[in-house]
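Here come two complexes built around chain A, the first alongside chain B, the second alongside chain C.
Take a look at the complex of A and B:
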């Protein structure tokens, strides 16, 4: 962890227009929850549906994509990454720092809004708010790592990330039973299910699989990012 | 006038490329280059697309040679982040965080180097490039020349013994250019190893005591600027001459050893000149003696590409 790298990265993410991308979806989630509360009143089933489909199913991968790719891909694209890489700092340290920034942003924006939205709809009933907040927190961290890796693997990180988030996580993970085991979204739901006792919600992936899978994917992605940064090449404009 | 830090006398800073090649798929960007860059200012000269940036990136540890080795004082450069304690890099791309002020940018460089007094080092580096007054402004408000100078300050902040600059004078106004040239010269005199790339011979010969010429990825020539100039002047030149009596002039020219071939065309006489000095002295005298009026004497192959092509063909003979 390098504080100067973290400082520059936080400034790049929060000091510019990009912050609105991070704020937009969480605000939409809370506003939606407030509207549903006004229309339906206190409704646990609505809360669970909103958390599953919007908070964990849509907002979380997109926030992961914005933060994970945002902390590194633009710098590679415009060459500013040279400022960090031409210093006597090991590249894995830079990778870990970038990951911490991305993960902290996703965790804060996703977890806070998830808790606020679920609490608006159910209060603290059946542990729905706490459970999904936990799921959003750790799911967000895993997404940040995966999209960070994508940011150093390809110059089309956002396009590939959108396809991954929407097609794999959204469609395949949602509808193909076998693929569900390999979906961060499902792992996040598994965590939520451990805390929540809601009758409207049960996860299909066991905690025994979800937790190790999350750890392996997160650690693996960060280590791989460090290795890719070690071998990052500049091709020049010639 | 600001001064640079005390002379660097005990450090080495010798960059060595040994049979270095770099290819991308089937395209060879750098082909079997061997060169040693020692203390002082060296200019890496070559036309656009010659592979200068590729070579600099390999020396800066941002590109692995496909074959051969690139070392600094005997130490491998690729995959060695410790090498940046000795190297300062000024990339050609405008690799500067626009949202930081000049001061924040240079200070971040000092802190990333882990210097004991980063603020002091940043102030010294900004003074050196005369950017202290503008250092409170965001980099995105700077002109191209100012960005270039702030990049130089960030690269110099840790007082490196090797400084690599990729086309550093591009986009600078004449005053800024002269100032940076002066700075580069002084740092070279202090014993630092400085390598900068350029496609402009005049630029290189004003600053560099040694020139390495790269053409089409190959090491075409090496020497001080007088040597390179001499080789360029000695190459065969092609002149087009228009006169009041082309045929008569052509007959006289072919009889003299200053030219190796003379062709009569509709546009005039084309003369392949082998002895440049003799030809330029001979032509007006010959015209006067023959009572022929010279209307136009123009070199037809003075563009940089043909000069470089000659250098590379000469180096492979």
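Take a look at the complex of A and C:
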């Protein structure tokens, strides 16, 4: 963890157009919750649907994608990462710092808006709000790590990330039950299910699988990012 | 005072005396070059992987469907629903390829170079929009055309689904125009390709999620008159509504859609809005 690098990365993330996407999606979630509240009033089932399909299913991967790739991919694209890599800072430390920045952004934006939206719809009934907040928090951290890794592995990090989030988790996960075991969304949902006692919500992956998987994926992705940065080659833009 | 000794040598530079083909041909050239680029032709091998992979995925249901028609003599994949069924893949294609068309030119500030030629801002925008629209039309039309040829060759009992096929082709034109204008409009707001991809895919995932969510909530609470309106927030269902209204194909959603005329107007309004947005954006970028 290097505070100077973290500071620069925060400024790069919050000072550009990128911030609009990071803010708009959580705002949209809260607005949707308010709209649904107007249409339906307090309703636990609606809250669970909103949380599952929008908060965890749509917003979380997008925030993870924007923040995770955003902390490193633009620097590689512009070639300015060479200035960072030429400093006497260990590459794994750079990787950890970038990860902390991305994870903190996703965690704050996703968790706060998830809690606000769920609270609007259910209050604190049957732990839906706290459960999904917990899920969004840790799911967001895992997404940030995976997409950070993608950002240093490939030039098309965002496109590859989109394919993972949309095609693998969305389409393949919809038809092939086995694929759901390897989906960060599902792990986040099993965390949420552990806390919430809502009868409308049950997760498909056991907690005994989800928690170790999440830890392994997060730690593994950050370590691999560090290793990858040690031998990063900058090739010209096509 | 010495005489000046410098001489100007004629080293044989020559003027272009041929026919000047003008704006139209310049636009066409830019459009064709952009279209090739969308599929990665004329670019590095790495740039070809993504579009050709997505094209291959689009063809998979076709292969399966022809196989089933040949072996089991059953028709399983109706043409008009192909785009809705494969919407995630089409959205990924749109998101991955539309920033390529606009972002590098903005990022490297080469727009003034284009505009120093007979090409105008409008021509540039038209060329880019047309390139993406043709690419998307190809992405949609090639699989269903192959399936139709397969259906004719297998010769199932009963008449071929010609009307459905033609309707789906008409629908493909609508999908291509709507998606390309929205894709270019969103992608042209940032000179960064990665962020452009994220913006376009965020648009699709957001509209798709919101439309499914509101449809589910509204129909579960018995507001069946409003529920179909929520569905057409998703661009794919919007086009499917227009497609079934214009070409008489079977709608994907059995519960019914909002009236076709309203959907047509919404479709036109969205396209007009997106194209105006792009034009305004480029008026600003060019100056």
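Just so we're on the same page, the second predicted complex is superposed on the first by the 232 of 238 C-alpha atoms of A that agree within 3 Å, B and C clash if a C-alpha of one lies under 4 Å from a C-alpha of the other, contacts with A are read in each partner's own complex, and residues count from 1 in each chain.
By our rule, contacts are C-beta pairs under 8 Å (C-beta built on N, C-alpha and C of every residue); 3 or more make two chains touch, one makes a residue touch a chain.
These numbers were taken from a predicted model, which means no experiment stands behind them.
Consider chain A as the common anchor and indicate whether chain B and chain C clash or fit when overlaid.
fit
A:171 contacts which: chain B (first), chain C (second), both, neither?
Once the two structures are laid over each other on A, A:171 reaches chain C alone.
Identify the partner contact of A:62: answer first if only chain B is touched, second if only chain C is, both if each is, neither if none is.
In the superposition, A:62 touches chain C alone.
Touching A:31 in the superposition: chain B (first), chain C (second), both, neither?
neither
May I ask you to decide whether A:163 touches chain B, chain C, both, or neither, giving the answer as first, second, both or neither?
second
Applying the document's definition of touch, where does A:77 land relative to chain B and chain C: first, second, both, or neither?
In the superposed model, A:77 contacts chain C only, not chain B.
Regarding the shared-chain residue A:215, is it in contact with chain B (first), chain C (second), both, or neither?
neither
Once superposed, minimum distance in angstrom between C-alpha atoms of chain B and those of chain C?
8
Quick check on the output: what are the common chain A residues between the chain B footprint and the chain C footprint?
238
Please name which positions on chain C make contact with chain A in the complex.
Its residues touching chain A are 43-44, 46-47, 50, 88-89, 91-92, 95-96, 189-190, 192-195, 197-199, 201-202, 205-206, 208-210, 212-213, 216-218, 220-221, 223.
Which chain A residues qualify as touching chain B in the complex?
2, 4-5, 7-8, 11-12, 15-16, 78-91, 230-238
Show which residues of chain A lie in contact with chain C when the two form their complex.
So the residues of chain A touching chain C come out as 17-18, 21, 25, 28, 32, 36, 39-40, 45-46, 49-50, 53-54, 57-58, 61-62, 65-66, 69-70, 73-74, 77, 155-159, 162-163, 166-167, 170-171, 238.
Sort out for me which residues of chain B touch chain A in the complex.
Its residues touching chain A are 24, 29, 48-54, 57, 60-64, 79, 81-85, 87, 89, 91-97, 99-100, 105, 108-109, 111-114, 154-155.
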